Amino acid sequence: MGDASPEAAAAKAEAMRGFLISLPSYLYLVLFFAVPFVIVLVYSFASRSSTGRTVLGDWNLVSYKRLFDPLVAQIAFRSLWLALATTLLCLVVAYPFAYFIATRTPRVRNALLILVMIPFWSNFLVRTYAWRVLLGSDGPVSQITQVLGLGETRLLFTVWAILIGLVYGFLPFMVLPLYAAIERMDWSLVEAARDLYASGWTAFRKVTWPLTTPGVIAGSILVFIPALGAYVTPAILGGARTVLLGDYIVDQFLAARNWPYGSALSVALMTVMLFATFVYFRAGGRNL
Amino acid sequence: MRRRTTWMVPIAVVGLMLAACGGGGGAGGDTTAAADTTCELDQTDGNLNLYNWSDYIDPELVTAFEEQYGVEVVESFYESNEAMLAQIQSGVSYDLIVPSDYMVSIMIEEELLLPLQKDAIPNIANLAPEFTDPPYDPGLRYSVAYQWGTTGLGVNLEAVGDAFVESWALVFDPELTQNFPGGVSLLDDPRETMGAALKYLGYSLNDTDLDHLAEARDVIRAAKPYIATFDSDQYDEALVNGEVSVSHGYSGDLLAAIWDAENPDAYTYVIPEEGGTLWVDNMAIPADAEHPCTAHTFVNFMLDGENGAALTNWTYYASPNAAAEPHILPEILEDPTIYPSDEIRQRLEIIADTGDYEINFTDYFAQAKS
Amino acid sequence: MPAVELIGVTKRFGEVIAVDRLDLAVDDGEFFSLLGPSGCGKTTTLRLIAGFEFPTAGSVRIHGREVGLEPPNRRPVNTVFQSYALFPHMTVAENVAFGLEMRRLPSAEIAERVRKALDMVQLAHRADARPSQLSGGQQQRVALARALVCEPEVLLLDEPLGALDLKLRQAMQVELKDLQERVGITFVYVTHDQQEALTMSDRIGVMNEGRLLQVGRPEDIYERPTSRFVADFIGDINLLEGRRVDSETVELVGGHKIRVLGDPSSSHVTVAVRPERLELMSDSDRPPDRLNRLPGRVIRRTYLGDVIGYRVDCGGVVVEVKEENRSGLVVRQVGDDVLVVWEPEAGGIVVD
Amino acid sequence: MERLLAANAWAVFAFFYLPILVLIVLSFNENRNVNIWTGFSTRWYGEILDNADVLRALRNSLVVAGVSTVCSTALGTAAALAVERFRFRGRRLFDGLLYLPIIIPDVTMAVMMLLFFVQALDLVNGLLGTRLNLGLATISLSHIAFNISFVAVVVRARLGQLDPAIEEAAADLYAGRWQVFRRVTLPLILPGVLGGALLALTLSLDDVVITSFVSGPGSTTLPVYVFGLVRRGVTPLINAVSTVMLLGSMLLVGLSLMVQRRPATLGGGNR
């Protein structure tokens, strides 16, 4: 069909409308994100002066070559596992939780939802410090094990503390999209499945779960990605005993003042993530 | 094709901007305005934009300054030297900043600081002699010390025993540390912790010999099984809460925590015999400060003996101000951990910027932790 | 002037042609059904009339006015959706009032019309309920009331009874037809259920693969299908393949000759005969000569209550026969030798 | 099953509120050092009002969080609507762009925002002769930039599940595009929009790195102030401020629930 057909004109008008709706945020993101991002991209090809200033003009690939240092792979691999574990834990905890909230009456639902968010309107650092008290050798966990005669249990400065801290910090990011997805679901479909002799579990697996995958995908992305870059929680609760991607990048900018390398690391990380998200969506049968 | 043209716009904009800043990499442009100004004693030229660490000045001192000179002090706060540097480098305008020692030298080299007009700061004479010619700013051309302290070890005496060695071995020797309940805590800072390891090995903490750095890395690596945490924030609480037995950290924090502890006698702060870090925070005026004269007046105000004492009495950090000493609370002045003896001071070193080697410090530290 | 007129309408989705050069005219006040298997383009045709899709080519007119590119809110038609598409966040009354509010009618008039509409579908007592609190049948009636309250020139219904159970569906069929006659609005009804179409429609259009194959009254469609597809799709039918011998005679695959009416245009012919038009006789019954007859043997019998179904093997041709379970009917057994007998007029010739 | 779900929910709430409980308890710590408990005291609550720095930081935080939440919710919802409901040229590019702020490490975003704003302000000041500086405006602009994406992701998850027939039904019933959106789409995606807004508010109230880079004289926010305190030890004052904020928000929520007497969903209650 040529562009001249009336339908094509209508489709064009429709596309224009979509474009116009996206325009404010489009422009916003181009101006306040894409343009700044180009600066970072440019910086990643620059070099560092001996005082830590970024020298533009002498473009090179030094920073990108450093990405192939085995240390980087090691750090990335470790961060990846931690982020995956965090995402999975969040999903396991948040799904039934969101399900529970979504099946309450509307009023209770709203109240519960806001109760989820309220703790996060306190100060992040103070919140995380509170976890130190809870996980320390005098904390409640430890006291329970002492009463049980299992001796002192210190979770603080272990990988478990990091996981607890990360799950705590990112759980709302998983709960919200999951809640939105489950709340919207057509329950008659589950009933239909039950009607068709599906057990509760099968009905969940075959109907509820597939219907809520958009929420699962959104939640997983919202948890996985920041978890991959997390650094304050691992430092405070995990004792920063290993280097993670997040603090490695932060250190480049703030300790080594090596902005080109920090930029290159960021660009590489974003490229990988964008690619991974793309693949994830493809696997999930959705367009990015 | 349309797609490409939409992309051309931001690229062109960026190009324009990069051109606009002259390829200088973000250093602010018009430094001349402030540099040409001559300031006289007690002169003010507007409100003071003070950029400082949080909770690092007695609010009453601020009020006193405001009342005395009829200007307002607009306070902003930063959480690291580097974040502050990024802002100054980008030309955000502040009138007075409080950078640490090594950051002063970086900022001088980057031409980010305004040379001080000593005529407007007669109280500079109040400074104790050891702060009149610091290595990071010889001759005090750009900065004046604000507060100082040391980096050392907080020790839980019950855990370590009374007859412990005052050495970095307390954190680096696995033979020792394996017996400490909870292990030890080290600063999560490449320069401080690599520096401590260098000191333990008998080198300078500004050593840039890569072999020495590798040795220092291996020291940390070997000690790691008993290092509970690399922590620059909460090591003081961790010590007095019994989470760790030895904490590597800054004098002020550790001392405050020990004083506030339920049984202060159970803890002490030591500077290892191999030596440690002496750190100095300084007042400096950014090159493109809008109100350099108010800033000079403020520096002079803070260097006043009574004001300097008030600052120390409030922060519990040592004052570089000799004229302040008569007014400082005796318990602070007489505390050997805040004001170490001359003998100990001999062993202290100030961290200097090592230029390109900063990368190596960061890298080796990352390797040590990995 | 037809209420709805489609002239040469084509709709493509990328490479797929959903509707192919469709011509259709629905008369004013008519109950018109679009019948076809799923994916035949009937729903797309409805959506083209409603305005949810715009035609790639051709013209859509409502009472003579070209609306092909008008958005749905500017068309004098309303739709009852397959899923009902009730607004879950509004009460029944709010749902019904929605269209009137959008037309900015005075609120007193809205209230009055909503009340009447709910009375009409006997749901006045559920006015303040939310859709999720209603049964499927009730939801369906709300959807109907919501569309009808706007007094559209044409009401479009997209398989509105599909989700209901059989009893309710049959009851609703009658109700819908009554309602249509009462309000006198043109209905365009999409369904894949031929029985539903036959019951309610004034006329039926049978669609397949984007094309309209046959349009006619239910009895025309049923009795005189013009194509093999229509014949096969609507009701049960025996399709007897054969070769034309002369203008009145066809020789079936098994060698039997039968008489047909109408002029077969090619030498290969398909003769379509409804099972209920066939009768089983014995040789001893001596059927009149003008009747077609095929000797065969009963290979299966199905008891359906009102009807008894037989499958008869007539030597190469298998035919289905339905006999009304009236008193005095001779019930055959499997294995009985029988004659399958029918009037020549009962068999039509269909094209492939 | 229901019991297990309820048990899990209680456990999760306990998980959420246990640290909050600790936080509140520690706000009554008499000791200057928050984590060293030496006795009960309410002195820190008194000191909130005396501490101008904390009050200003709190006010800055609330201004930034409020502005950025409102703006990013509007922009993010529009963005979600555009990519989910329309096909337009550049949509894929936009879609990709929409994900970038989520996947960028915050320190990178901080650096690039600083570089950008400084140069943009130079340009603007040069052209217009103004003396604009970094401050609350640039902080808000940066927060909006990353929050748009978070709102959009949450709203999209919701939009994706909305039966398009419901929107078609509204259009069929003579609703124009805007009316369809206002009367049908928006109420139905409102839980998603609200969720996105809550997320944006949370992120904005917690951000340190980006904020500290793009702040200017006098625009320090509470989290930046608190992080700056680390050197001197965090005092229970911050816990007290957090507690007050928690109580304040709970009060607001409670009030809004009281006002919202009718049993309507987040999306309900028109007419």
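Structure notes:
Residue numbering begins at 1 within each chain, and the chains themselves are lettered A, B, C and D in the order written.
FYI, a contact is a pair of C-beta atoms (placed from the backbone, for glycine too) under 8 Å apart; a residue touches a chain by one contact, two chains touch by 3 or more.
Everything numeric here is computed off the predicted structure, so don't read it as measured data.
Looking at which of A-D and A-B shares more C-beta pairs in contact, the answer is the pair A-D. Of all the chains, the one whose CA centre sits at the greatest distance from that of subunit C is B.
A summary of chain positions shows that the Cα centroid lying nearest the centre of all protein Cα atoms is that of chain A.
Per-chain Cα centroids separate subunit A from subunit D by 16 Å. In this assembly, the C-alpha centroid of subunit A lies 34 Å from the C-alpha centroid of subunit B. For the pair subunit A and subunit C, the distance between C-alpha centroids works out to 53 Å. Taking each chain's centre as the mean of its C-alpha atoms, subunit B lies 85 Å from subunit C.
In subunit D, the positions touching at least two other chains are 34-35, 89-90, 111, 115, 119, 177, 208-209, 226-227, 230, 265, 268.
Counting partners per residue, subunit A has 30, 34-35, 39, 129, 132, 253-254 as the residues that reach two or more other chains.
Chain-to-chain contact here is organised irregularly, matching neither a line nor a ring nor a star, and falling short of all pairs touching. Pairs of chains that satisfy the touch definition comprise A-B, A-C, A-D, B-D, C-D. The touching residues of subunit B, when paired with subunit D in their complex, are 2-3, 6, 16-18, 20-21, 26, 29, 49, 51, 53-56, 59, 74-79, 83, 86-87, 90-94, 232-234, 236-237, 240-241, 250, 252-253, 256-257, 260-262, 315. Per the touch definition, subunit B reaches subunit A in the complex via residues 9-11, 13-14, 17-18, 23-27, 80, 82-83, 85-86, 89, 106, 109-110, 182, 185, 188-191, 224, 227-231, 233-234, 237, 241-243, 353, 355-356, 358-359, 361-363, 366-367, 369-370. Residue ranges on subunit A touching subunit C, taken from their complex, read 1, 5-7, 9-11.
Within the complex formed with subunit D, the residues of subunit C that make contact are 50-52, 71-73, 77-79, 81-83, 85-90, 94, 98-99, 102-103, 146-147, 150. Interface residues of subunit C, counted against subunit A in their complex, comprise 11-12, 54-57, 68-69.
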